[in-house]
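Here chain A shows up in two complexes: once beside chain B, once beside chain C.
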Partner chain A sequence: MGFRYEFRLSGSGGQGLILAGKILAEAAAIYDGKNATQSQSYGPEARGGSSRSEVIVSDEEIDYPKAVNIDLLLCFTQEACDKYHQDVKEMGILLVDESYVTKIPKGKYKVYSVPITETAETKVGKALVANIVAIGIITQVTGVISKEAVEAAILSRVPKGTEDLNLKAFNTGIEMAQQFK
Partner chain B sequence: MKDFLTQLKEQHAEFGNHYQKYLQTVQRNLDSLIQRLEERKRRDAVHILHPTYDFGTQLAIVASSGNNRQEKLNFVNTFFSLQFLLMNRQAVDHLRMGVIASGANKFSVYKKFMIDAGNNFRMLTTHYINQLLNLFVDETSCPEFVILGVGTKADQDDIDVGIIDSGTRNRREFNRAISQISQEMLKSAITFHFHLSEHIGGQYYSASVDEYKKALKHQIGDYVIINEMLSGAVITGNKQLFEEYQKEIIEKYFYHPNRDNKHHEAYLRGILGDVNSLLARPISSNHINFKEDNLRIIKNIICAQKTVFDVDKVNAWQILDDLRKKDAKRFREYGDLERSLTFSEVFRYLYQLLVTQDEEVELDIASFKNIRRVARTMGYTDLGKCHAEEHLLVHYYEHIQNVRNIVPTLLKDLKAHLEDNSIFVSILDPDYGANIAQDFLTKFKFFRGTSFWDDILGDFESEALLNRFISDLDAFPPAKRKKLINGYIEWVRYDLYSSIKFLTTLGRTKIGHTLFVDLNKQLLEMLEEMPDVVRKMSYVFNRFPHLINNYLSLNDDKTLELYLKLLETRIYEKEIAAIIDNLKSLIDIHLSSSVFYKRFFLRITERYPEAIQAIKNPELLREFGDGIYSDVQSMPTSKEKIEKLGDYYDFEMMRVGLRTLSGTTADEINTEYTEFSDRYIRTLFDICRQEIDTQYAKRIITDDLLAIFAAGGHAREQAYDDDYDIIVLLNSDNQEVLSYCNKIISKMNSEIIKRSTIPHHRFADYFGRYVILLKEVERLLSEERTDIFIEKSQILGARLVVGSHRFEKDFFDRVIRPYILDQKDEYIRQMSEEISSRHKAAGAQRTIIEDNIKEGVGGLRDLEMILLIIKAECGIMQPVNSKIFIEIAAKQEELREDLLRLSTGFNFLNNLRNSYRLTVGATDMIMSAMLNTAAHIMRYQNGKQLYDEFNKTRGEVTHAIANILDKLKCD
Partner chain C sequence: MREDDARLMTGNEACAEAALVAGMRFFAGYPITPSSEIAECLARRLPQEGGTFIQMEDELASMAAIIGASLTGVKSMTATSGPGFSLMQENIGYASMAEVPCVIVNVQRGGPSTGLPTLPSQSDVMQARWGTHGDHPVIVVAPSTVRETYDWTIKAFNFAERFRVPVVVLLDEIVAHVNEKIIVPTRGEFEVIDRDRTTQDPKDYLPYALTDSDIPPFADFGSGYRYNVTGLSHDETGFPANDPKKVDLLHRRLNRKIERYRNEIVHYKTELLEDADIVVVAYGSTARSAYRAVRNARALGLKVGIFKMFVLWPFPYQELDKLARRVEKFIVPEMNLGQIAHEVTCAAKHEVAQVNRIDGGLITPDEILEAIKNVSV
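Here is the complex of A and B:
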């Protein structure tokens, strides 16, 4: 049976999670030669403007691109964490931004509660690149997509003139994850 | 000469980094494609070097030239990528030329650009998808299907589609093929975004009409998806299936007179709630967001109107064209919306083309360079010191404001539409035949998750309906009642605004209070558990500050403290953090202010809710107050002038009060208070006089013979007195003038009292009228009475507010000099004796007045009396305040130390008095247990420390007064 890895990136509109999903998918599909799908959905603004992006990476053709057995769930809001944590599979990874998620639901998964936004603001210089810091962490923690592929995908997606800032954010995320035990 | 690929790269160098993907696809396969075309002698049938106008035919030739499926796929992707690049290049070049040629009117160029871009992109993607379907889907075994384009359709970050299938044979195989197509597209070209089927049915990419029906039967579900459904247009596939889908699904969301409109109503309640939320979202100063700032608001509102006015178009510009005809009363509004739509769409489109495919743009230096490129493409140039990108951003913000000005009018129309057609109309009737509380909740289930309830909430403002609702709820046994209440409080989960509005409506009525307490308790419990509650609160507060203000006014201190605790979360977005900071300050005001102050605060914030947002900005509040004052004279009638003037007084009272609560010294506060209070009296006099003139039908000449003096606290420029001591003098015997002046003052009285300040007319009880003749004052003061020093003190302390200097001089020459200054020894003796006897009396009833800041020993009364003594002794004419201590201290070495001590004491006691009035109540009795908030304002550690200082100060004041009186006696 082939390899299949499911990511779900969740939070609210404006946190750059759709872009993060696209970067991961393109990194896997274009630069790492794997199969990948990416889907996205925005919730109503009145319900908190939730935003969700799912990426599935596989070395085989992906028939069913709905993430049902999540390997890695990233949560940028408490609401998203409360809503989706049950979908994380046993021994999967729950990665949360501790700036926004303070109550971690119990489950048979590994939890990384990390100051993603705070780090983006203080170490990189812009809270806006928190999504790219998160991509760095995800890349390092999962090892599913190569660092080089993700770097290339980032560079092909970010605005001209912000490449260095985004690479700095990505590498900061990698370094953060290297400290995880 | 450069080769084609180099030329292509150079032509697209200005495009965003994401266009590299298309260039790479072309680079990878173009040579093989050309080789195959040449092998088949079809090279001249396909446009490689420039855009094609027959993309479908040429793409078919390209596809057929591949030797196997993979090669065909590579060629299709390559030709799509190539034409996509060339199409965008051509579009940008056209636009640049168009804006240069159009002069000032760029909107028609922008609109044409967007419509053409949408059409071209749809044409390109339709043929592209058809070719991919040919390669991957076996039409003989797959179900019937139709692929719909949904969403904006001009977006180039992905192709937004919905796929409807017939629900029959080999759906899984069909979905597998779509999945393969999707993965191939991600690698080489543009990606699919499957909007609808993600949420409906068991297959991932497609859903059947029956699956839609089933999913939407019991609950409105995700109304954002319904918005997408309403904008669906066929890209390719079975048109009959689309018609069935339209008839069975889409039609339900349109309004049909005299039919069941439950789905339509639920859609409106959902999507309009979304509009309300977007309007409540603060505009960031750090970034812009095309969708959330403007586009979603515009599209949601026009899509809602489309269902009301039965518009079948799916393109936003075409919908607006139809709405202008079908809803002609809003012709102007739709025109204005179209301008904002066009501007925002073209800005977004170009940003995503030239910079990056993101909705959010950080406004930093790097972005400004990128925005500049967009601005130049849109025809903006540097104007003087204003750069093109700044000019563009100014217009962007103007369009945000434009949308925020127009949309509330359309929301009002839609609210009226719901009021007329809601399925709740029959229930919300005080004469309804069954239980309103229960039946409302039952019907509400279908609407769960929606958040536009303004029409229904308005109904509950009817006392009859509210009474009926509460009695129906109370008719159930406690357990069932609790269950129903829980059902209502579920509302909060989706709609904090409506919940707070409903609670506020309840809490403001007597009958609703018990239910308010029950529901409010549960609301708080739910909020404590609710994720992201701080942001939600910030949105409601940002859009409806007066509602939150009213709601807070209904809560007790314990609940307010809980809210403060709830808001103690770090927020990264500066604009949200600023709103929360303001909200916390508002809660602080409700927590810490006295009923005396709150009365003004609530009264004026009800009339000017925008002031609530400025409570931390004293400068803005000051400008606002000045604005209200400048409006007074522009009011058409005296009544309106007086009302506006009353607003000015209340507003200034609120403003100065906020300054006191933030720790501004009494000296500054008293000056500001006196300025606005005098301004109020002077203007009120003018308006009342004009009104009496109108009644008399002539102007009575008073020849500067009338004057109004402030006495008591107002004369001493002391803030927050709850009465207004006043002396009105007339230097004339003319009975007509006397009667005329009395009428003016009588009118003024009835207005002053509305400001919660009672006018006390000094000497009026002696003469039976408000206006006293100057000669009557002379007569009064010449009476041989032991207590005449009290009247003399009123006169000596009086301060001219309305009147001429000539009158003031006459008053001095005829009253103050002969009756007070020329008899100062007697006056000072009487005042000194009064101080001694007051101290003795205070000793006798120690417990009663001990802590009275005014009447207690060493209190403000003692200080005022010593000030009057000094004034008489030194013949000073300036108002009685602490400046006198300083002035005399500079001249009289012997008294200096004691006078400076009195000055310090006077300032402290005034500070304490002001703070106490605003935090505890308008009373002179200082209760030590209530001093904590005042201590915080005055920067003492706690109430006890402040109370100790209060006692110490009074001791020092008493001692200094005794010293001064002794020295004066010796002199």
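Here is the complex of A and C:
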């Protein structure tokens, strides 16, 4: 079997996790030339409700497009963290926004508990871009997708006029992760 | 194919783009999860290509509108999900009877009723075949990937045009919503078929003429040919007929039209069957899980292969019958309670093992692997 890396971005509807997944998949597939799929699972509600976005990156053709043995799990709600932490593989990464996730379940994974939304609000200037700050952190800690590719994918996917704000969010995420030991 | 044509695309987007490549210039529909992106995309793209997009009041009207548009010679399509597909059945029968080429995309959801709007299912396999009443011809294709959705949407239009039948593109939420890399093919890479049009003088034209091919040449409404179109059993003139001989001729021809050309339509691919004593028969997104399961099983030394269907109807009975003469054990994974498994049983003439999920979850490779291990002992 070739290389296969699984991301799951989880939280609730409206937090931008599906867009974040699309950006990661586009970065890997189009700008880094690997294979990638992005799929999602959400409820019938127009907003709210649990939301999850999954990205698979591989150097071979991707058949089964869902994450089962997660390399990186991002949680934007306590509920998502409680529900999905057991799917993270041994030595995988659990990344949580500490404003939402206060109880971190024990497991054989690395945990990064970070004030993602708070940083988006205070340092970047808008809580809305917390998903892009998270992408910055993910890019830095996993090293699976190149920084240049993610930047290009962000620019192709975010609304016109918000490019600078989003790039600032992305770089803020990278800087946060550079502080991790 | 150039690498700079690589795009991240969903199955729904691929379906919409491919329909344009096939020459579709009229879409009427009513948005419904998980098919809505097809309408969304075409609302933007059709005007750019000189086509027409109409959001109708419901699915009955959507189906009626594409039949009307197609009768004027314009390639037409609608897209829906289970509840809307139910509403379209009456007019799908009309399209079969009146031999109006059209394409209906059904992105399946769990049912019955409004069921599971956002989750995958494959439970409309039988409805796609038998949803409308009466013996009738229909062609149903079921792709597994974004690229296959692109290719098979074009083929669906070609079948519709070639045989003058409604063709159903049966997707599921996984194939419809997964974002996947595809190298967008150039327009010249595909054969695009247009319906055979009459060259007869309008006064000699018989709209439902009995011909050697069983497929009567078409005349566009508005091009000077006046003829009657009806859902009633009719004769060559298109007017209602009760004469048993004429009625028999019509209905046998309508069904023969697909039967005699089945070898042009039936399509599947096999892998690892040479030495196999177990075969997994799969279609749609479940085939993706099946491929992984089969590879994992091979790594464990189990002799298993795969028979993946692209076309569900007409069903590959002969091909599976032939396969059943040398491979004894069959496994059919599907997100329903055994709709295709039943047909495989008919073809193989013995019971087959099933893996079924109807809880809104995609069948996992491990669930299929478990079934492979069970039958191999």
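By definition in this document, the second predicted complex is superposed on the first by the 175 of 181 C-alpha atoms of A that agree within 3 Å, B and C clash if a C-alpha of one lies under 4 Å from a C-alpha of the other, contacts with A are read in each partner's own complex, and residues count from 1 in each chain.
Methods note: a residue touches a chain if its C-beta (ideal position, glycine included) is under 8 Å from a C-beta of that chain, and two chains touch if they have at least 3 such contacts.
On a predicted model such as this, the values are computed, not experimentally measured, just so you know.
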item	value
Simultaneous placement of chain C and chain B on chain A, clash or fit	clash
Touched chain A residues, chain B compared with chain C	B
First (chain B), second (chain C), both or neither touched by A:Ser113	neither
Contacts of A:Ser146 with chain B and chain C, given as first, second, both or neither	neither
Partner chain(s) touched by A:Val68 [first = chain B, second = chain C, both, neither]	second
Chain B versus chain C as contact partner of A:Asn171, first or second or both or neither	neither
Partner chain in contact with A:Ala29 - chain B first, chain C second, else both or neither	both
Part of chain B, among the options 6-14, 276-284 or 312-320, whose backbone runs into chain C after overlay	312-320
Interface residues of chain A shared between complexes with chain B and chain C	22, 25-26, 29-30, 35-44, 62-66
Residues on chain A engaged by chain C in the complex (per definition of touch)	21-22, 25-26, 29-30, 33, 35-44, 62-66, 68
Residues of chain B touching chain A in the complex	16-18, 20-21, 175-176, 179-180, 182-183, 186-187, 191, 193-194, 198-199, 204, 222-224, 270, 273-274, 276-278, 281, 287, 289, 291-292, 296, 355-360, 362, 364, 366-367, 369-370, 449-451, 494-495, 531-532, 535-536, 570, 572
Sites on chain C touched by chain A in the complex	3, 6-8, 33, 117-119, 174, 177-181, 285, 288-289, 291-292, 362, 364-366
Contact set on chain A toward chain B in their complex	12-14, 16, 19, 22, 25-26, 29-30, 35-49, 61-66, 77-79, 81-82, 99-100, 117-118, 121, 126-128, 155-163, 165
